[in-house]
Amino acid sequence: MAKKKHKRPSKIGLAPGSLIFTGERKVDEISIKLIRYNKEEIIEEPFNEIEKVIELAQDFQGISWINIEGLHEVGVIEKIGEKLGLHKLTLEDVLSVGQRPKIDEHDNYIYCVLKMFTVGGDHSGVESEQLSFILQGNTLITFQEKEGDVFEYVRIRLREGKGNIRGRKTDYLLYALIDAVVDHYYLIIENLGEQLEEVEITLFENPDKEILEKIHYLRREMLHLRRSVYPLREVISRLEKIEEPKVESGTKVFIRDLYDHTIQVIETIEVLRDMSSGMTDLYMSSVSNKMNNVMKILTIIATIFIPLTFIAGIYGMNFEYMPELTWRWGYFGILAIMLIIIVGMLAYFRKNKWI
Amino acid sequence: MAKKKHKRPSKIGLAPGSLIFTGERKVDEISIKLIRYNKEEIIEEPFNEIEKVIELAQDFQGISWINIEGLHEVGVIEKIGEKLGLHKLTLEDVLSVGQRPKIDEHDNYIYCVLKMFTVGGDHSGVESEQLSFILQGNTLITFQEKEGDVFEYVRIRLREGKGNIRGRKTDYLLYALIDAVVDHYYLIIENLGEQLEEVEITLFENPDKEILEKIHYLRREMLHLRRSVYPLREVISRLEKIEEPKVESGTKVFIRDLYDHTIQVIETIEVLRDMSSGMTDLYMSSVSNKMNNVMKILTIIATIFIPLTFIAGIYGMNFEYMPELTWRWGYFGILAIMLIIIVGMLAYFRKNKWI
Amino acid sequence: MAKKKHKRPSKIGLAPGSLIFTGERKVDEISIKLIRYNKEEIIEEPFNEIEKVIELAQDFQGISWINIEGLHEVGVIEKIGEKLGLHKLTLEDVLSVGQRPKIDEHDNYIYCVLKMFTVGGDHSGVESEQLSFILQGNTLITFQEKEGDVFEYVRIRLREGKGNIRGRKTDYLLYALIDAVVDHYYLIIENLGEQLEEVEITLFENPDKEILEKIHYLRREMLHLRRSVYPLREVISRLEKIEEPKVESGTKVFIRDLYDHTIQVIETIEVLRDMSSGMTDLYMSSVSNKMNNVMKILTIIATIFIPLTFIAGIYGMNFEYMPELTWRWGYFGILAIMLIIIVGMLAYFRKNKWI
Amino acid sequence: MAKKKHKRPSKIGLAPGSLIFTGERKVDEISIKLIRYNKEEIIEEPFNEIEKVIELAQDFQGISWINIEGLHEVGVIEKIGEKLGLHKLTLEDVLSVGQRPKIDEHDNYIYCVLKMFTVGGDHSGVESEQLSFILQGNTLITFQEKEGDVFEYVRIRLREGKGNIRGRKTDYLLYALIDAVVDHYYLIIENLGEQLEEVEITLFENPDKEILEKIHYLRREMLHLRRSVYPLREVISRLEKIEEPKVESGTKVFIRDLYDHTIQVIETIEVLRDMSSGMTDLYMSSVSNKMNNVMKILTIIATIFIPLTFIAGIYGMNFEYMPELTWRWGYFGILAIMLIIIVGMLAYFRKNKWI
Amino acid sequence: MAKKKHKRPSKIGLAPGSLIFTGERKVDEISIKLIRYNKEEIIEEPFNEIEKVIELAQDFQGISWINIEGLHEVGVIEKIGEKLGLHKLTLEDVLSVGQRPKIDEHDNYIYCVLKMFTVGGDHSGVESEQLSFILQGNTLITFQEKEGDVFEYVRIRLREGKGNIRGRKTDYLLYALIDAVVDHYYLIIENLGEQLEEVEITLFENPDKEILEKIHYLRREMLHLRRSVYPLREVISRLEKIEEPKVESGTKVFIRDLYDHTIQVIETIEVLRDMSSGMTDLYMSSVSNKMNNVMKILTIIATIFIPLTFIAGIYGMNFEYMPELTWRWGYFGILAIMLIIIVGMLAYFRKNKWI
């Protein structure tokens, strides 16, 4: 995880705006998909040539959504830049994974970048990838690092024409996609919350060292998530302030709703963080408690038997003149004394609530 | 509790504004009650059909309060939305329990959502449910998740016509209801405060592991409560800023008073949090102190008897030539020496204030 | 203390503005005192009837200060409200002890409420009571919960006519009274500071469990004080902003001075809080240190004598063939070996700076 | 130190503006020094009568700096107040040591108060005293609590006419003096930083209880210093905003520079605070580590010898029929077994990296 | 490191604007290099005389970059100041290492100062040096404390004319250089992050005291870095606000990009700080865990063998009448009893999950 965060240094020495993909190559081939739709129809096609796609998109009477999976072919990004007249730094940002979520309003387009979290298939780890949006006129381009995304339900709604999504502009599509991303943040947080609750139960029942590592791991996940969600608040707030025609006023009530969701995600993360730090304290005091119990047992045993052993030692001495040794009831008398000592000690410990 | 918070993911994949109830179904049937009143009269009736209720409300010369308990019948909410011309997202918010308290001013109505806390009947736990308000003209609609609320005293005041409540508009009714909710926050906080004081007393007298779990539990409750109260400050502040005719200026002095109460609730929660974190420290040091005492006892016993046992061991050796063994007063002499050691040790411990 | 804070719930179910005294009844009878003064003369009289007092005050050519001790007779407060035309919520606030310090500017009067702290007579505890001010024209009314206040010096200055106080308006009298209250905050803080220093000295000399309880108690006091002083900053800042004729510009330089004092009180509380939390750490490490020393003594004793006892045990065995037992110098030889072990151990411990 | 902070209560009961010196009398006699200078000449004279000094200052064609050491003669301050037409509260503030740093702009003068820190001569403690400035026209008056200050280099620059200081107005002189004070803050901080580094080295080498007291002492010093420096930021920021002719625009670039220095002092204090709190953690864990080592030694010794002693005890029993006792190699066999146990234990401990 | 921070006091007593180099002399001779370039050509030359260089720069039709390594020759700085008409305080700031990063806009030039971090060659420590920029017209002067910088790639881009850098003004050059500095911050942070991850792994595997010192060291580095990066945010934000012609609007989009990078550096430092403080907790609990294990072993051994030794002691007593001693199976019976005790104890410990 930490590896992924520090990719940028490999760009040291390059001119700003140089186009180099800074992430790992996660797919073999770039996949380009074009969805064109309006109120009447929807056309979905995969393509190879990006120039063609852009031409089709621009000629279409309706909304076009171009989705690109895989960022390692710099040439494709460059061509898009030329065709749409994008700023060099925008192209650089698309290619530099490890961007902080942000939104840039340019004269002829909006650029937005954020993190998409997906729960990995077979293992329970969380995977994140960078997601860039370029909105220009009736065209929205999305860039993902690899295959698979959280947009499947948006596509279904587009295909089925439910919820009036096909009657709205690209700004609404942009909103719908970001909304899908934020909805998945809830999933991740719910997952973290559940893990934290399991930890809490274990903590009260049988705390061991693994628990602390688990808490530490969850806190790292939260730090990571928080880092991605905090700036999103500003992104959405600024998106809401972008004026018509780029963002229509009818979409703004939805964006405001999205903003509320983002705030709620942030607050939930903070609550989880608060809870997890309380758990570290619980663990520490639980360890102290266990040590206390161990020490009590040791002390009880030692305090009872050490004096007794001493008494036995006394009568194990080989002095020639030890009168007690010859007494008829000496042995049984000393056993009785020892018994009294044991009983007295136990009573003392009971009084002090040790046993 | 944590379960309840994370309901929203089940809406993943739905279009924004889709109407789905995200909570648990807590009542069997939706109950609709209509209270119509003006200075002269008050009419209370239960109803089954929501259309009828709304028509009655709109035709009435005075204020109408429609209270709906149970949210699982989406159709009812939809009909209200149609009749009153509400935004889809408002309807979605009414149905999505787990909303962050907020207020939305629309052109033709005000939507407000917050959390209502009630102390459970037989068990001492705190229960929370979502409460939505829709204020349109002379009609106020309230949505609750289940039966039972904190409004009984408001109803009594309405019936008895005390305190001029029947001479005012819906904005005052809205204020009165929110005021009742905030008054119950005081109750919850007082309850938490009392539990915390009990914990404090136990902490000084006889701290055990359960105490820490109790503190942990109280902190969680506070986190939960705080999460609901913090946004309320902003809600009320924005309610105060809504202009006539929706909110009359005569009501604003009351809303300001309510705002002060909310601040006071927040400050009290913060004080309780401060106190509870001081208690965790107290507990930890109390555990350390107890361990210290256990160690002292062990050390006193061991330090006195281990050397004595050694001396007894010496004279238990079987060497043929050990002159002391044949001395007439050897045994008693060694007993005397042991006694001197014991007395010396005890004096040393006393000097160091261990005993 | 905590009891006192949570009085408000007893008002649940009442209409806002309902007049009910929420505190404990601390005096037997309400006492009403009227001081009328101008540059030439000063008249001090106790009264029984509040109507009479208000008439006298309103007819007087100069400033009138009506001081009311005891809040349990709601009728008196109601009459004042009628005579002066006060808002219902103001009267409710006067009667509800547990108010957060605040200032309300109404059309025809200023209402201000704060906490007055007095050091109790025979015991060292701090007592707080609620203090309300109503300033209307040339009349200032003060409401206290019980007898005894911090205004004695203000009265003396009024009687002696020192410091030009008799030549100024009610706003200056209000300032002078709040100033007296804030001056007493200094006293309380000084007292807390001295106790904290005593704690610190004890902490370095002979820390015990009581010290921690003392620190805990002092922190609670600070929390309580802080809660009362923080809002005062805003109160005074808003008082300064009230325009003529209610607050004259000549008084504002004094109010600004008072504001500076309040800031200083707040900063001192923060410094004390910082110091007290450092002390908890000191205590904890002091406990750890003591435990360390106890463990060292145990370890030294055990490490020296356990091996020696083992050696003595060896030669206490009853094997028939143990050549050493028959040696002429066996016993003394083994004693010499034991001595060497003791000396060696002590040297080792000295080297490690344990003894 | 804490004593000094709480002087104000002795003023309880006095009218605001009453002139009473609240500090300790630190010098026997008040010393008044007048420095008059312009581009051509500089005249330095001590005086006794303050009226004379002020007349000389006001008649002089150039800048006059009146420095007063010792505040216990209230009459002198009163006369200055009369001559220059100062507000009563200003005079009160001059006399009340324990003021929070602040700046007041009056119609005809500027009043500024701050803390001057000097490192004590023979002992390493830090001494602070209150320093007041009154700037009126071409005259600057400074009030110190006692002899000795940080202005010697400013005087030298005045005498030698270096750095153009003699060609500028009183505002520049005021700047130069505050700059000298802030420069000494650097000295104090450097001193604290060096002590903290010594503490850090000791902490890694040989931590003992004194170290913690030292850290505690340094933190108190930082708290004290911080309290004086934080408000200074605002003071200087407001000084910069005072308009011509009181503060000339040519001086403002210097004041801005001074502001940057103040920010740097504050940031350094925060870094030192951060470091010192890290050190407390280090100390605690160092104590834990030492305890761990002590426990390990105890455990190693006890774990090896307690079982051996038991075995020796077995063969020290006096049963009549114990076959091993009569075996020819019984004794040596048992010795061999013991040796094997010792070696085995040591191997186990080594494997666990205890020794 | 700490030494370096506190250089300024050596300037105590000097007039503001006095030119004295406050750092260590890190190079033998000042090195002056001039790079002149425009779209067509680029000329790189080293020089000795600063006057000559400035004349050349000012006469050139294009951009001139004067880089000065070594600050100990005050004369050179003075001459630059005269030639370009710089403010005295600017020159003082250039010479005073230990400046807080800042930017000053003067009428005829921009002054900017920040910290450049380089990873030391042979050892892994981080070295920092102060870097000043003076931008006047078509000339940019950079001042470094010593040889070696992070600008090599910028020079290469200038020489090769890549990335359009040669077609832009000095403001772009300034941007490019600061960008190179910030890019190196990423390197340093990546380095810290990797060290922290190593620490984390060690922490889970084999925590020892060195680990804590390492964490402490890393936290100090972060504090140091943070101190340099935090003010940079403001510097760049203010740079962006400087108007044409000093900073061209075409450059601003790059500066905004740089601003985003700085925010990202700051956030990463905060995440690392959060992680490192979690690690201290982990370490502490790991130490506690180890102690717990040690105590368990001690307790198991002691609890098993101390009672057994006592039993052996019983039958080692020399009473004349001890019936068991004469029993035929007494010895084996007692061995059997001991065995039962051992097995019972082990079962008990197993039940409690100690072994």
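The chains carry the letters A, B, C, D and E, assigned in the order they are written, with residues numbered from 1 in each.
Note that contacts are C-beta pairs under 8 Å (C-beta built on N, C-alpha and C of every residue); 3 or more make two chains touch, one makes a residue touch a chain.
Computed from a predicted structure; not experimentally measured.
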Practice task
Call it same or different for chain A and chain B: same when shared residue numbers make up over half of all numbers used at their interface.
Solution key: different
Fill in the blank from the handout: When centres are defined as mean Cα positions, the distance from chain B to chain E in whole Å is 43
Problem - Averaged-CA centre spacing for the pair chain E and chain A, given as whole angstrom - result: 26
Practice task
Name the residues of chain D that each touch 2 or more other chains.
Solution key: 284, 288, 291, 295, 298, 302, 306, 309, 313, 316-318, 322
Practice task
Could you tell me which shape the graph of touching chains takes: line, ring, star, complete or other?
Solution key: ring
Problem - Round-the-ring chain order [start: chain B; next: chain C] - result: B, C, D, E, A
Handout entry: Complex contact set, residues of chain A against chain B
Key = 152-153, 156-157, 162-165, 175-176, 179-180, 183-184, 186-187, 189-190, 193-194, 197, 204, 253-254, 257, 260-261, 263-264, 267-268, 271, 274-275, 278, 281-282, 284-286, 288-289, 291-292, 295-296, 298-299, 302-303, 306-307, 309-310, 313-314, 316-322, 354
Practice task
Spell out the residues on chain B that touch chain A in their complex, using ranges where they run on.
Solution key: 2, 5-6, 8-9, 11-18, 87, 89, 93, 100, 102, 209, 212-213, 216, 219-220, 223, 227, 280, 283-284, 287-288, 290-291, 294-295, 297-298, 301-302, 305-306, 308-309, 312-313, 315-318, 322, 324-328, 330-331, 334-335
